[in-house]
Amino acid sequence: MDQAWLIPAIPAAAFAILLIFGPYLPRKGDWLAIAAIGASFILVFPVLADLLDQADGTTYVAGEKAWEWISFDLAGVGEKFEIEIGFYVDPITIVMLAVVTLVALMVQVYSIAYMKGDSRYGWYFTVMSLFAASMLLLVLSNNLLLLYAGWEAVGFCSFLLIGFWWEKRSAAEAAKKAFITTRIGDVGLLIGIIMLWLEGPNTFNIQEIITFAEEGGYDNTYLTGAVLLMFMGALGKSGQFPLHVWLPDAMEGPTPVSALIHAATMVVAGVYLVARMLPLFEVADPIALDVVLVVGLTTVMISATMGLAATDIKRVIAYSTLNSLGLMFVALGSSAVAAAMLYLFVHGFFKALLFLGAGSVIHATKEQDMNRLGGLAAKMPITAAVFAIGTLAMIGIIPLSGFWAKDEVLVFAKEEQNIIVYLVLLSSLVITGLYMTRLFVRTFLFAPREQAAYDHAHEGGLLITVPLLILGLLATVGGFVVFDEVGEALGFPGGFAQFVFLNEAHEFEFHLDTAITSSVLAGGGAVAGWILWQNKAELAARIRDRFAPVSTLLSNRYYIDEIYQFVIDRIVLGLGSIIAWFDRVVVNDGGVDGSAKLGYFTGFEAKFLQTGRLPNYALAIVVGILVLSIAMLVTQV
Amino acid sequence: MSTSLEWGLLAPEFLLAGWAAFIILIDLFWGGLGKERLGWLAAIGVVAAGGLSLIWVNDAKQFGELADINDYTTLFRVLFTGIGATICILSARYVRDRLLNPGEYYALILLAIVGANGMAAAHELLTAYISLELLSFSLYALTAYAKFDLRSNEGGLKYMLLGAFSSAIFLYGIGLIYGTTGSTQYAVIGEVLSGDTSDIEWGMYLGLALMIGGLGFKVAAVPFHMYTPDAYEGAPIPITALISALAKAAGFAFFLKLFAVAFLPLIDDWRYFIAGLSVATMALGNLVAIQQRNVKRLLAYSSIGQVGYLLLGIAALSQDAASALVLHMIGYVVTNLAAFTCVILYYNWTGKEEIEEYKGLAERAPYVALCLTIALFSLAGMPLFAGFATKFILFQAAADQDLLWLAAVAAFFSFVSLYYYLILIREMYLGEPEEKTRFQTPWLEYTALTVLIAGVFLIGLYPKPVFNVVEDATATIFVSEELESGEDLVGVP
Amino acid sequence: MIPIDNFLVLSAILFSLGMYGVLVRRNAVLILMSVELMLQAVAINFVAFAVYLNPETFTGLIFGIFVIVIAAAEVGLALAIILRLFRNRQISNVDEADLMKW
Amino acid sequence: MEFVLLALIVIPLGVCPLFMLIPSQYPQLSRYLAALAGGALFALSLLVFVVYEFDGGSGLRYELQWDWMENIGFLRENGITFYLGVDGIGAPLVLLNGVVIFAAVFVSWNIANRTKDFFVLLFLLVAGVYGVFISQDLFFFFFWYEVAVLPMYLLIAVWGASSEFGTFTRTKEYGAMKLTLMLVGSSVLIWVAIFALFVEAGAGTFDMTVLREATLDEDFQKWVFPLFMVGFGVLAGMWPLHTWSPDGHVAAPTGVSMLHAGVLMKLGAFGILRIGMTLLPEGAEFWAPVLMALGVTGAVYGSVSALAQTDLKYMVGYSSVSHMGFVLMGLASMNEIGVNGAVLQMFAHGVMTALMFTSVGALYDQAHIRDMTQFGGIAKRMPRHSAFFAIAGLSSLGLPGLAGFVAEFHIFVGVFEAGYWWAGGLGILSAAITATYILRMLSRAYFGPLNEKWAGLKEMRIGEQFAAVILIAMILFMGLWPAPFIDRISETVEMIPGIMG
């Protein structure tokens, strides 16, 4: 357990070495980055083993290790203000570690081929290692401050990676947009952390705060406020409804980056935070969980609908990510941590798979727009097959991992929430089926729409296909971890839920009715999609023309971007220029220079007293004498 | 009235007067000596007189009832001879190039120093008045000395007539004080005024008011300052320096001694009037200075501003305030002479005195520019230089006598004064001179300048030795204060 | 004996006459004459005080003499300057002598 | 060790006459001398910081007390003494001064006209700043405070640059004059406050350790503290009186604005802490809400108006006003975490702004304009320069791992702890606004396609890069391992009366 700190340390060391000696290493040091993340991946297993064999009876004692970073004792109060660097491992951490390290390894191996020949090849791997290190730090940290530090560092790496090709104006703008939006979210997170520290037990340690809250330490409304503010941070990072605008634009970055950051790891940090802090959400006012639920739902619906209209394949997958994240938050909204973590675990694999598949398509055809692709299955059989697995997993077809995770979410949603929520989720299943099949059909099947792209199409080399296959395997097999038998076989105390909820036993039962309804709806959506978009997709075109206003609304992403831009331009920048003008004219010219001019002109007037004529001078003397003597006589005598 | 007078005590004055006559004769009979060397000769005489006055260091003698020769007088004798020597050296080249009959010029300077010494030494109103008139007359003559220069003529006329007018007023004041207290001795006046003065109030206060007016003129306090800019601008530059240094220093020496010994009992009556004068002087002096375009007029108004600070010392009259005042006066005199040396040098080279014409002085004479900058910063009260330490001590002494508001006003106007000094500094360093040639360096003036700047740095960085000397000097005029407790006045100053 | 007040009133009147003269007159010489008038008023004052208040000491009288001496010296110097002014600019009106102002 | 403190003042003052001796035809010689002196100062400051022992005592280390004037006039026993001593708050700021002067010397390597005079004035400024940080006598505190302001006018007026902004122009004379007059004007308030303090304490001495013990009654403190607050506040860029800072920076040459924004502005905040809050605790407590309000307005006001600036130096100027607003907030929180945060922010902001000005100066030297809208994609031509500027920007927006975050975090915690939750919220919001204008500037000027006009730009000079590397080292040192700073600062802040836990 106590070598858990090595996991983030190795990539961090790799980052430091690459930063300084990167350009001089052979192959710009990409092997060093991969070796580092590989080592971290391997290290996860001994930590897991430690965690498992510590299991005394049903509960697992979570390991913790901390060093002092800042500490000084507070005068008068007698306590010490302490900030420490500490690591805390428990099942949720293990799930996150597994997903992050594995997907990062796959992506970095994939990137060797994808990024070959890029002018800043070394810099790419340097930032990748920094990203891995900060993500692992975020996941492992035992106190809120270190979590916040990892959180910001991850945001900064996403800024660097989205803006990797900063020569492109759009990439630079996208990077800036991403970082600012997440920063706005983080304002809430920081205030939340400080509020928790303020009324709490004078420490940032998460476990102590949770126990303090569970003993009723915080008063209710105060805790709700703090928790909702922290949720605001999660909103920013995981691209939920109000702050989701940056994720679609984040596709400007290289595709492996999108695969790693905008599918499997960074965007789920918000989910991890809420999962970690869920006891606080439960102690606080129920409104908190309802807010999480509502936000999740709106994101699900918005992203699903927008997916229908987008033509760029990476953007469609990005919307599917938003869709999945929405689902995870719905699960958390109904305080189903196991379901959320399961979906996160599984989603990591098949979403990375979809992105990498899209990547290999782009890598081969240099083309991202669906309307110019089509019929690539013949040219790229492996990618097509693996992409099919990913699409079906996303839709949630029976044997694949997506189905089991989505079902868990549906089950908990049905039990915990009212019927409307359940119906909305079911409708989202249909739409997901529609737009995912549209994606697959438009890119891989039927006649190619543009010959040039089709000719260029070729299967990627081993470095591309091997990661795809591994992820494809995990996407198919991953779901079965839910069953207890499979869990025991692998040495776990039981199924996935059992593992996540260490102390309370959570048996996995298979709810036949939800399974059937979800499969029917999902399958129906897929078939409908096939029918609509086969051959020349005339049927889809006719429908689009009939509902023209709706499709334009969707393709413009509900004009949310434009509204935000309007708000920023008018209010924020406007206010800025008004204040700048105010500062220059009123405070500076009026106030400061004004008083100086006042002094200058009194002097100017006084100057003319000096007329140069002697009698006036004599008059001044006489006046002086008179005033002096009269005043003297009047006051003294 | 002991009639036996120790004439030896006035040796420095006799030497000066004799030397003045000697200078005139030399100029008359031995033309070959040349105007420049005549200046040096005069300077030697003055220095000799200064050296002579050191005989009476920490000695307390009395020249009849008229004057007393003690540390106070010695300090001021040395100060005045110092000023005189510097002025003689500085005016050597100026007189050679621009003035006729230098003999009388230097003689008048020497006589002015005699007058100044008399004012500091006087212990009695009549002697003080006569020395005051001697000083003033020589300055009137020197101001109008450039016969064919219209401005010098006009300046001299204004200075003369207004001077006569105000000395008449001053005399009327003395008359009233003499009438009411029955004597012209400071100590006796002090004693009478500390007694009950119910019946003689009218005459006394009117006399006091008139004397403050007259003295106000001599030190150029505000309502009476009108002549200063014209006199400064009109007079030949070395004489402007002389007026700004000698007239002010002698005026305050007399002002301080008179008020410390004679009028101290009435301090609560006249304190707030002097404070009022001080505020008016600082305000007008600094504000109008901002508008000036001619360097001489600028320095005139700056010296009016400085007088405001010195009046502050008088308003807060106590032993500490008096020594702080004298220290600030020494700092001011040294800094002012340094500034005027630079102005004289530039005038000798180029004949210019407008601020715009100081463009690019830093290119052409970097050392002179640096010294002028140091002097100006010291006048503004910036640290490292004399102005900061002396102003700090003076204002703190005033604050100690619970005149904090006055110290605050003074601090404010000291800041206002920084503006017009910066204007001059800006011209020197930022402007571009017409031609880039370096001026040839007159070694004598440079050494005088270096000595003065060293003085500015000394008082700025470590004023303790100078302050000790000043402390002993002011102790003598405040002896009567300690004695008040019970013993009657022995009449020993 | 005539009470001292008469003398004081006399000198006060003379003094204010002189002061008025200085303020009103424009000719330099006349200004000088008014100043001399003021000085004589002061001399009267001194002599009056000397005789009436402490006749045995001569301070007041000596003062009176010195005032006269200084007044004389003053006239000498002032006339010289006024003469120079007249010779240079042919004016004696003080208001015209305002080369230096502001 | 106490002669190290003396050396900190003697070296800069002593080197001035040496510069004078160098004939002006050999500017290179004066540059080497400046580098040598800068290096010595940096080493000594590092020494003072590192060898600072933690034993208890009155909190002052390496005391050196020389009688300057005592038992004369109103001064009684050790009236004015040349009293040097460094404490927890002084040590990091001395280090800051050493770092910034060392960097500034290399940045101003290519000053062409009158290099000799430039360095004389620069080192005079540094001597003044050192004097303020380590002098324990109120008279000498004010003495060095004024010395630091003395060379400002000439430094900006002679070596500065005027700039044209279409609707208004900002000549260098205007900037220099305004800056000098506002600083000296504000020092009038301090001067009057010192007079009042000296008279009230009645101990006849300016020694601060004695004045600290003097019991001053409540109402006296209440009307003297605002004098100190406003007097020092002007130099610390307090809100209504901050306008001299952006104008001064626009006009000043790079090296001067580095020292100026990096160190001189800290004098103001240091003054409020060392004189205002230590000697007048009740007064500070009474006026804390006002200081907090002004600090917050400054922070938000500064960051929002920085948002609207197109000139790089104006942007950095307004960001300095904003960050100094944070410092004032930290001080106003009157609790140990907040005040620690304030002192940390002084150091952090000092180093950050110095780095920002180095980069802006480097860009200005080659491009001769500072309007960020006309630049585009210059990262292509100046990769290292943009990296340095990016690091400075990120540290100022509070990225963890860099100095800005540690300081700002402490300030926010302190402000929340003191109960001003509205101020804390606004402060964190202004940190977000800082992120906006920094990133907007980075993406507009540095990233994006290369604007052909700037194809000719070359990388920063070696000197500037060396200066930038030192500054970055400091940013990372404080960002990753702040313990040495905090231990020193907290130990002294504890002993300040009136600072609650």
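Here the chain labels run A, B, C and D in written order, and each chain numbers its own residues starting at 1.
Keep this in mind: contacts are C-beta pairs under 8 Å (C-beta built on N, C-alpha and C of every residue); 3 or more make two chains touch, one makes a residue touch a chain.
The structure displayed is predicted, hence computed values, not measured ones.
Chemist: Shared touching chains for subunit A and subunit D?
Modeler: B
Chemist: Counting C-beta pairs in contact, which chain pair has more, B-D or A-C?
Modeler: Answer to which pair has more contacts is B-D.
Chemist: Need the central chain here, defined by C-alpha centroid distance to the all-chain C-alpha centroid.
Modeler: Central by C-alpha mean position: chain D.
Chemist: For subunit C and subunit D, let me know how many angstrom lie between their CA-based centres, rounded off.
Modeler: Inter-chain centre distance comes to 64 Å.
Chemist: Between subunit B and subunit D, what's the gap in Å when you average each chain's C-alpha atoms?
Modeler: One centre to the other, that is 43 Å.
Chemist: Find the geometric centre of each of subunit A and subunit C from their Cα atoms only, then give the gap between the two centres in Å, rounded to an integer.
Modeler: 98
Chemist: Quick one: report the Å distance separating subunit A from subunit B, using the average Cα coordinate of each chain.
Modeler: Computed value for the inter-centroid distance: 79 Å.
Chemist: Tell me, which residues of subunit A touch at least two other chains?
Modeler: Residues 607, 610, 612, 614, 618 of subunit A touch two or more partner chains.
Chemist: Which subunit C residues reach two or more other chains?
Modeler: 22, 31, 94, 97-102
Chemist: Counting only residues that touch at least two other chains, what does the list for subunit B look like?
Modeler: In subunit B, the residues touching two or more other chains are 157-158, 161, 165, 169, 229-230, 291.
Chemist: Run through the chains and report each pair that touches.
Modeler: Applying the touch rule to all chain pairs gives A-B, A-C, A-D, B-C, B-D.
Chemist: Contact residues on subunit C for subunit A in the complex?
Modeler: Interface residues on subunit C, with respect to subunit A: 19, 22-26, 31, 94-95, 97-102.
Chemist: Residues of subunit A touching subunit C in their complex?
Modeler: 607-608, 610-615, 618-619, 622
Chemist: How about subunit B: which of its residues touch subunit D in the complex?
Modeler: Checking each residue of subunit B against subunit D gives 319-320, 323-324, 377, 382-384, 388, 392-393, 395-397, 399-400, 402, 404, 407-408, 411-412, 414-415, 418-419, 422, 425-426, 429-430, 462-464, 467-468, 471.
Chemist: Please name which positions on subunit A make contact with subunit D in the complex.
Modeler: 68-79, 81, 145, 148-150, 152-153, 156, 159, 163, 166-169, 171-173, 175-176, 179-180, 183-184, 186-187, 190-191, 194-195, 197-198, 572-573, 575-577, 579-580, 583-584, 587-588, 591-593, 596
Chemist: Can you list the subunit B residues touching subunit C in their complex?
Modeler: Result: residues 1, 126, 129-130, 133, 137, 140-141, 144, 147-148, 150-151, 153-158, 160-161, 164-165, 167-169, 171-172, 174-176, 178-179, 182-184, 229-230, 233-234, 291 of subunit B touch subunit C.
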